[in-house]
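Have a look at these structures, which come just after this line.
Okay, so chain A shows up in both of these, paired with chain B first and chain C after.
Moving on to the complex of A and B:
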């Protein structure tokens, strides 16, 4: 345990320095700007503007998080004793306070009168962010890419827009708070969050065997 | 095939049997069995032969679909075994990437932490040692993005050497280096091969001739030759000749600096035979499967 603590402490500075801070900072800046749109508007507060501003902010923050696992030195560090899940967990732990703070600020930027239910919107934001991370982790597991961020954020943006425009009413993820399906829609968001988290957890592990999962011959080598 | 007794080599430190790895429908490795001992073993083969895949498998960067291997007595097919293999491993991948804002020292130090060297004083001593070994002490505080290509390769080699690994996997470390840098790298690799197992993938037959005590030739995911460089060279004995004109019967032929043609293949009667090189033996081992050598 002491060894793990010592290693984690030693890893913190280089992992912090290797974070894609530019992408994260840009996502935070654009996300907060989008969340501030209802405040910049003249006239009475519009709850729909608040809702879509926050959704746009959540998507932009997730686009930034898609870069979190970018690691140009991935191949050099692909065969080290410190396991990949530990390294990924450290990155997530370092960024989680920033993400929570940015999202809270985004929520507070929307005037209370036009702010949608914060819990439900936070669920949507969390599911989108975890989906971005899961996709990046999967990309790293399945390909030799070192920096999947740009491709994953493009995919996420396209998927978000496609989901908003093309999902049939029974499957839609984007409804307004006065919609009778608001609660059932957020059950789907919860399911999406669980599936994305499970996919992310599975993708960061390093498989011991290849795809056919065949054990080596039992004879000693 | 997973019977290691069929693979010839004495005192192996790395043994692999029946390694198979498919990408889609293509077998990048097809039933590969090798044994490596102490010293530098060269891995030759045309592009797409499976060299990098074999190195990645042996470095535990990717698991094989089939087959098994051990490194210094540890089986990476188990979680604990893989950890032990990684503790004993130094890996220099093809086209290594870096965090460009790190200095050489910071980057090697980062890799050292990932190799579980947690004691700061001892770790920094080790980082200085390996940077000194690759002659980068003078530029250790310089940002990696400001280093030349050759220096970056040496940073990657230093990262691989951290912790004094017993098994060193080097994937085309001399690619893109100028002749002087390549010579320096050869010195480093030769030194690294003293007392440890080094597997060196390269396209440079000169590297193999100068550094390796054994050589493996891979073609289309399979091992086509395994033996000493002298044995590979001997394959071309009596099959290399010189002529004033390009010989249409030769498998490969090219005009040399002296103006005469050097031909490799089945010589005509009365041909002016010349001493074969390792490259000749390698070309004949490929037997027309290289995409890089145009038959005459």
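Moving on to the complex of A and C:
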């Protein structure tokens, strides 16, 4: 146990250095900018603008988090004695406080009069973020890619817009607070969060047996 | 003796003319294939094709109105455009991410030519959308119930949107070196599309966005739409060209030709933007006023059987479908109503613009039935309800005010001839239930139905049609009299009158 702690401590600086800090900072900045839109608007407070600016902010933050597991040196670090779950957990632990801080600031940036229920929106944001992380973890487990962030961000955006455009009314995820289905919709968000978290937990473990990979690099130069 | 070593003189220079564009096209073909084989693009393309099939095979779209179908093709390509944009962007930045820019620097293909190749790689995706849009529209147009006219300009918007998104991906790739820039900019763009401009299409700002799909409850005749669709296509073409050329400029192609074309495409975009700046008229125009207030000057009347059917010119092919419903309802009616001559009139209120939800006042003239521009699905039983209420109450105004026991006769007449009367009953009622009180929809004003009336109608609809039809015809005068009580109607039609309170909707 002590060995693991010591190793974790030794890992902290290199993991901190290898975080995609610029992407995360850019995402946080744009997210806060989006959350500030209702405050910048003149005229009477519009709860709809507050809701959608927070949703857009959550999506942008999740897009940033999709890059969290990008590690150009992944094939080298796979040889270190600390297992992948610890390394991933370290990354998440280093970023989580900042993400929470950004999200709280975003919530507070929206004026009270046009702020949707904070708990429900936080649930949506958390589900989106965990979904992005789960997809990145799965992509790392299943392929040999070192930087899944770009593909995952495309995938996340496409899924989000598809869900908004095509989900049938009984299954919709994006409702307004005055909708009678607000609570049942958030049960679905909770379910999504649980499924994504389980998927992420399942995907961060290093595969026990080396599976025969397909072609080493499907992406050309 | 010394020998002078002579090197043989080699012909200097290439043996054939350089062909830089061949490399550009080869790269474009390769990148197009990469895009095609990309998982996100493939998945969305499959989803899009499934959506087209699902959309076109819906029961509601058995009677498509082509001037609405063409606009309906515009929104979904945005989804594909999103995938195209992000993938083109990734392709542009790939050489930087993989640190192969240095290798490309020694090639004869300059960076700006590579940009052109990336821009061209979005063209096959746009062509794919064009094919899909054509299939979707042609499929709808070939349906026997199709009416109206599509506009090629509206159909071109989908493919052009995809092209524009792809080109934007290339530009973002040249302007911002981060792979995260394009997704974030896309979110900002979508957010702005939703909120920066008012959602209606009568504003010049909203026409700056690629897709302006205005939908309301009623379909308009195509000459009343007055959307600046052709200008919008010009604007989109100009904008796509402009963005592509800006990407070329940003990657170092600064030749006079490029600069001149940038100026030309900017002019094209501005001309399109100015041309469309009027937007769709929000309120009334002379043509809309005429169609709403004095439609009889525009409508054409066709005789089918006893009755006459007046439709706007584009809808005359649909009068036979209306006649079938009228005949079906009239066959069940007794007395003079069974042979009454009706006039079915198509009406709409276009004075409040494309996106309004207008309520038509019921007609007060005897024997006139209103039909709206939409048809198919729920609109059929709703029209049948209007026909039945005119047959029972005399005119539409009186028909919508009926709340006594005649509601039972009206509803049975309207739905008794349906193939699946119970589902038709739930469809015409607000709330989709077959018990309890509810509002019944009709082409004009809705009317209410009490719980007891609903129970009797539902019971009647479950009985064999010939059984009820005989009783209705035999007791027609009594059934259509406002004085007859609910208990008496139940007795006449041989239905148990268990409702203790003889409640009709008038009391509520």
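By our rule, the second predicted complex is superposed on the first by the 208 of 221 C-alpha atoms of A that agree within 3 Å, B and C clash if a C-alpha of one lies under 4 Å from a C-alpha of the other, contacts with A are read in each partner's own complex, and residues count from 1 in each chain.
Here is the rule we go by: a contact is a pair of C-beta atoms (placed from the backbone, for glycine too) under 8 Å apart; a residue touches a chain by one contact, two chains touch by 3 or more.
Keep in mind that this is a model prediction, so the values were computed, not measured.
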Which of chain B and chain C A:150 touches, first, second, both or neither
second
Does chain B (first) or chain C (second) touch A:30, or do both, or does neither?
-> second
Q. In the superposed arrangement, does A:77 touch chain B (first), chain C (second), both or neither?
A. first
Next on the checklist: For A:59, using the defined touch cut-off, is the partner it touches chain B, chain C, both, or neither? Pick first, second, both or neither.
Outcome noted: second
Name the contact category of A:134: first (chain B only), second (chain C only), both, or neither. neither
* Asked: Which holds for A:10: it touches chain B only (first), chain C only (second), both, or neither?
  -> first
Chain A residues where the chain B and chain C footprints coincide 219, 221
Note: in the complex, chain B contacts chain A through residues 2-4, 15, 17-18, 21-22, 56, 59-70, 75-79, 82-83, 86-87, 89, 91-102, 106-107, 109-111, 113-116, 118-120, 123, 156, 159-160, 169
Note: in the complex, chain A contacts chain B through residues 3, 6-7, 10-11, 14, 17-18, 72-82, 87, 146, 207-212, 214-217, 219, 221
As the complex stands, chain C meets chain A at residues 34, 39-40, 43-44, 47, 51, 75-76, 78-79, 82-83, 86-87, 90, 94-95, 97-98, 100, 103, 178-181, 183-184, 186-188, 190-191, 194-195
Residue positions on chain A within touch of chain C in the complex are 22-23, 26-27, 30, 34, 37, 49, 52-53, 56, 59-60, 63-64, 67, 147, 149-151, 153-158, 161-162, 165-166, 219-221
